[in-house]
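See structure below.
Chain naming follows the written order as A, B, C, D, E and F, and within any one chain the residues start at number 1.
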Amino acid sequence: MQTDLADLVTRALEEDVGTGDVTSAATVPETARAVATITQKAPGVVFGLDVAEAVFARLDPDAEIERLGPEGEWRESGPVLRVAGSARALLAAERTALNFLGRLSGVATLTARCVQAIEGTGAKVLDTRKTTPGLRALEKAAVRAGGGVNHRGSLSDFVLVKDNHLAGLTIAEAVRRAMMRWPGRTVEVECENLEQVHEAIGAGATMLLLDNKTPEKVAEAVGMIRGRAVVEVSGGITLDNAGAYAAAGADLISSGLITNSAPNLDIGLDLE
Amino acid sequence: MQTDLADLVTRALEEDVGTGDVTSAATVPETARAVATITQKAPGVVFGLDVAEAVFARLDPDAEIERLGPEGEWRESGPVLRVAGSARALLAAERTALNFLGRLSGVATLTARCVQAIEGTGAKVLDTRKTTPGLRALEKAAVRAGGGVNHRGSLSDFVLVKDNHLAGLTIAEAVRRAMMRWPGRTVEVECENLEQVHEAIGAGATMLLLDNKTPEKVAEAVGMIRGRAVVEVSGGITLDNAGAYAAAGADLISSGLITNSAPNLDIGLDLE
Amino acid sequence: MQTDLADLVTRALEEDVGTGDVTSAATVPETARAVATITQKAPGVVFGLDVAEAVFARLDPDAEIERLGPEGEWRESGPVLRVAGSARALLAAERTALNFLGRLSGVATLTARCVQAIEGTGAKVLDTRKTTPGLRALEKAAVRAGGGVNHRGSLSDFVLVKDNHLAGLTIAEAVRRAMMRWPGRTVEVECENLEQVHEAIGAGATMLLLDNKTPEKVAEAVGMIRGRAVVEVSGGITLDNAGAYAAAGADLISSGLITNSAPNLDIGLDLE
Amino acid sequence: MQTDLADLVTRALEEDVGTGDVTSAATVPETARAVATITQKAPGVVFGLDVAEAVFARLDPDAEIERLGPEGEWRESGPVLRVAGSARALLAAERTALNFLGRLSGVATLTARCVQAIEGTGAKVLDTRKTTPGLRALEKAAVRAGGGVNHRGSLSDFVLVKDNHLAGLTIAEAVRRAMMRWPGRTVEVECENLEQVHEAIGAGATMLLLDNKTPEKVAEAVGMIRGRAVVEVSGGITLDNAGAYAAAGADLISSGLITNSAPNLDIGLDLE
Amino acid sequence: MQTDLADLVTRALEEDVGTGDVTSAATVPETARAVATITQKAPGVVFGLDVAEAVFARLDPDAEIERLGPEGEWRESGPVLRVAGSARALLAAERTALNFLGRLSGVATLTARCVQAIEGTGAKVLDTRKTTPGLRALEKAAVRAGGGVNHRGSLSDFVLVKDNHLAGLTIAEAVRRAMMRWPGRTVEVECENLEQVHEAIGAGATMLLLDNKTPEKVAEAVGMIRGRAVVEVSGGITLDNAGAYAAAGADLISSGLITNSAPNLDIGLDLE
Amino acid sequence: MQTDLADLVTRALEEDVGTGDVTSAATVPETARAVATITQKAPGVVFGLDVAEAVFARLDPDAEIERLGPEGEWRESGPVLRVAGSARALLAAERTALNFLGRLSGVATLTARCVQAIEGTGAKVLDTRKTTPGLRALEKAAVRAGGGVNHRGSLSDFVLVKDNHLAGLTIAEAVRRAMMRWPGRTVEVECENLEQVHEAIGAGATMLLLDNKTPEKVAEAVGMIRGRAVVEVSGGITLDNAGAYAAAGADLISSGLITNSAPNLDIGLDLE
């Protein structure tokens, strides 16, 4: 439910269409109709069909749109969408629709690979705020489509105390202030060592972030926390080491790469 | 010169800040001041300092901003920006500034790697319209910062006739129509084979696109074209094979990956 | 930090100024200058000076603005702002500035009255999402200025399970689903009776909402909860009964009236 | 006919929904459907159903909406709207729809009470520009729904000369300048005493404002004006004294309270 | 005081600059500076310097801008503005600045010619709502700069009853309804003949519109009206016949041509 | 395909409707229905029906709209559009719809007159960037409807080197830089004399602009160019001399007057 999806689509189309598609204007009759098929061409998880559909509908409100394949499921390849409508509209919408689809499916796919890497451990893949400016809500939905879960949507969701917030404050003081100021909200604390873990839990934090620690250090902390707080690990997580962190007992494995470094999924459009 | 940079920054901040940074509100005094240093942490080309500066200035119009390193140059690592201002503003702006910087520098860096791969051949690295929705102008500037050149900014820049435009038209007819309709504008034609190359040039096209051809096929076409048109190759270009295409005589090596699959460059912020 | 404050001010001015102030255009010379003093005329808490200043600065960027009184403090009356600038700009900005100031100060004032009504109990006055469309962030800041604390800023901040979410779900199931889907986030549950309180706490909820209960019922629930969750009461809270709810042990007394039914604080502008 | 109603609804929803309703996402199936009934729970005049309907339609374009009760009529209580649609959409739209409805109905209701207070006198209840920033047009429509009439919609509607416009000008000069500059437009003048009344009428003013005068003073002025201008009284008007001003012969009784200090009308939503 | 001037300038620049000025980017160094002089090249009244200045300042906030000639005065030719700043910014802003200036000066100039045509008669030149979509406020200001006066800025300013509003209503009824509904506002009535003039005045109308009448008919109506209402004539007014209508006693000569058919005033920019 | 047409229509209506049509509100029942017929009243080419329809549909989404005449064809007069719907909506939409239609049809009509003036010569009428701020895309479409062709839509379409770009650069250098920087794009060069023509063609320019030259000079240049570049003439083109320039061999006759000085075409609306 992204209330400004229409604006996003408008801006993306303005950017790509400019003052008009000069090629189609010269070569494609205004009344010509065509059918476009969008196809997943590489293994992964498709996501973003709502946006792609909105792009086509924006340029041809009477286009007939049919889904040919699933969203949010791992698949080797196959057709995903069929759009019948004005040929000029399909050609003008093509690149914008594919740009959205490719990126969002790329995020869903890399997330799914991460999820697979920690399968069976009970841990979850968590995203971050390292998203593309302007696409936050869509990329977070793509993470969910890939099987991940979402950390904060914005700085206003809940409290996360990091080192930078502790100028002249102890962790315990910071946690107490946050609980006073925002009663009831989750307070997460980034901890550098076991003393800080102890202090944070003692002050009432219910979520802890362990950043750039080895799996061994994480296991040690988890043993001390004994379920009194949700444990998130971050920093240098890759497909190769995610399993070790999960095995160390972390509840949440968070990764900025799944949103800011996912290669596009190869998705193409063919016109009949 | 992106006239709506201010809007872009506003939207990105609204997305990330939401109704307010609950953590800073609870832990950082409203009048506290701090100094942030932004540092490039991995080899590559930094780009996007204008946007990053606009993000900080948006939340603290009185912030003092100083550049510590170059934009648009390959570097191993080092400081790039120093911002002194309201501590709350710096903390709230951090993630948005880094999200812009990381992505744009990622694009510039991958472009630079491509440019390096074809160094000495006289060919140029060309971008595509496969950009992030909403960031077209910035990503195209990042490509230039990395040493690449820009293809069409939008569908209205010039004419590019592809297979999809040829329903019932010959290439020659399409070129002539385009030249009639948009006198003076570049007409580029995607060619599948040498006959089409011949036909396109004969009709007046001054730029040709060879998509998904082997370097050998490209060399054959280049030999036949003999400088009468600019030759662009695309499709499956990688850092490994770009050199072969350039050596085959293509003028422009175009790649969607440099804008839609570039991993973020690692850039961080430290607060004093 | 409301990133779109400028837009809000623009819209408010467009609404009030229309195509121009026909009266000033006819009677006040374009170059005339004047000094406006804004004065609090009734007891209460002034809030919204940032917005008022932005309104004046929007119509006269060179206006000189000086604060004459405090924000966020209870006061009987007195001057709050002095603005020297273009006479036409001051006249055109007057009503919009006062409309913002009057409403926000009204919210801060009614909140302060509520806070006073429960003074000494350790409970806090909590706002709701019953705010004026378009003014959410400002009204929540006014609540804080009046001594209250903020509940969710939006539906995305944290989880609050109400009766309407329980179609075919037990409370325990709902809480578990929420914790799976949004790991780490606060889960609050509205409880109708002691069994539901028991079930919610058992499932992991850390915040409970008791709606439309008598102070006696609240005291009973608080006794059973024994600090294992934060207790919010709502429904029919007035200045008269707030104290009784606080005395019953509720941590948070929430009231929609402080944002949606606060009379404007009387604030006026005089021109020299 | 508020051309930007769609924008207003979008902004209000963005504010309330944020990046998504985390509670419904976790507990309500995406395909679940529900029926919401909106009910007036206290005596008054309901207004704002168009906006409420637009809110629901914005989140579920296929929702079926049915009016169950009248707008613009005094009623003790009763159902007003029935909406059948996506359960998640209904839950996400609920608060925003009620926030609009509650406020606008509050304005209509307080206006109606004022109208009742001067019933039988021939005078009318007039609003002011003391409206909520962003809601001017809707609140003025609510005033009409409550039986009141509208003063200027904005500063550009017609001329109203107040003390602040008279730096170095006599009333007669100001009126003449306004009539020259904006030929044909109403010129209203705020008058402090009978001499000013005399001067304003003599110069051609057709509407007079008497601010903060006793009913006796108003009666005296009305006797002197003898129908040559429309008489508006303002300042300190309450439900208690409005009748006295009307009886004194004022044509228009204007009140800022009906728009800036009206308590919300209690309106609720139940889900089946 | 056009609160959204910044938006207007932004949209105009986006439209003209697109994704960037490809010519300057290739030929003008980023740091080059230049001085532009804007010159009026044909007789007329220059207007729109505020907008032109805003265009330059938008692309180079540090540009130094100096006025070299007057606005709102008839002149044969001469310099009007000098801008020193970034050469690229000046080149990118040139066309947009001139497009605004040329049109607004064209409107001011044609208005001034009309004013001249009725000089000495006491009548005034009045504009209409026949303005360029998006430029209403600016074009109405240009009319004033040319010596004309403004009719309604929008449909909400005051009442103008035309034939189309009289389905089943007499003129007298329409006037009375308008006065009831919008007490105090000007009510103007379009009259087809002397009977309607009589009826409108009798009902309280204070402004009359005589459309498509001969000067003789106008004189006859004016004689009957005897100053009891302001008289506006419209329809087929030209520079040639405007004087005859003014001589016939009309107070206001209204013309759509001055805003919708004014040729641009020739204004050019030279770069040093 | 103007993606932001909806925004344009919204802004135009907000500007014209203000806070509401006070006349219709007082005189036309809310449920009244009417039929409007829009008629071309003078010879010319009608254009802009899409926009006019969007204006009516914006205020009455259920209006029934029927085209009664052709767009883009020269015609003496006749009906063009019939709209049946809410009487209030038709009255409120009338002026905005006609303002769009009148201007766009004026542009199409003047273009058609120009086209007629050079009929049989093989030359084409070309527009410029001298368009109304905010209406660029629509006015360029109107030019096409009148039989003209479009020059650059914006500064980003292709390269046009003028005198102002040559500070310290030869034409040959400027052309080469442009071709390096924007490979494949058209490079047009403004030439003052035959030497410059020679230099520009030699460097690779494919389009030449001859500004403010006599037809004789143009013929001389055309003779020298011998088809190696497209020739555009501009500057002082009128209906009277356009034929001479075309006869001199220019390919494109460009004129700013067709967009910035076209009188509105007389188009009216009648209500049944």
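Quick note on the criterion: contacts are C-beta pairs under 8 Å (C-beta built on N, C-alpha and C of every residue); 3 or more make two chains touch, one makes a residue touch a chain.
These numbers come from a predicted model, not from an experiment.
When you average the Cα atoms of each chain and compare centres, the chain farthest from chain B turns out to be D. When the contact pairs of C-E are set against those of A-B, D-F or D-E, over half line up by residue number only for D-F. Averaging Cα atoms per chain gives one point for each, and the point farthest from that of chain E is the centre of A. At the interface between chain D and chain E, two copies of one sequence, more than half of the residue numbers in use are shared by both copies. For this pair, chain B with chain D, the centres built from the Cα atoms lie 51 Å apart. Note: centroid distance chain B to chain C, computed from Cα atoms, is 44 Å. Chain C and chain D have Cα centroids separated by 22 Å.
For chain F, the set of residues touching two or more other chains reads 15, 17-21, 92, 136-137, 153-154, 156-158, 180-182, 185. On the chain F side of its complex with chain E, the touching residues are 8, 11-12, 15-28, 32, 34, 87, 91-92, 95-96, 98-100, 102-103, 106, 129-137, 153-162, 164-167, 169, 174, 177-178, 180-182, 185, 256-257, 260-261, 263-264, 271. Every residue of chain F that touches chain B in the complex is listed here, in rising order: 124, 126, 149-151, 153-154, 156-158, 180-186, 188, 206-207, 230, 232, 251-252. Across the complex, chain F meets chain D through its residues 10, 13-14, 17-21, 58-59, 88-89, 92.
Of all residues in chain B, those touching chain E in their complex are 1-4, 136-137, 140, 153-154, 156.
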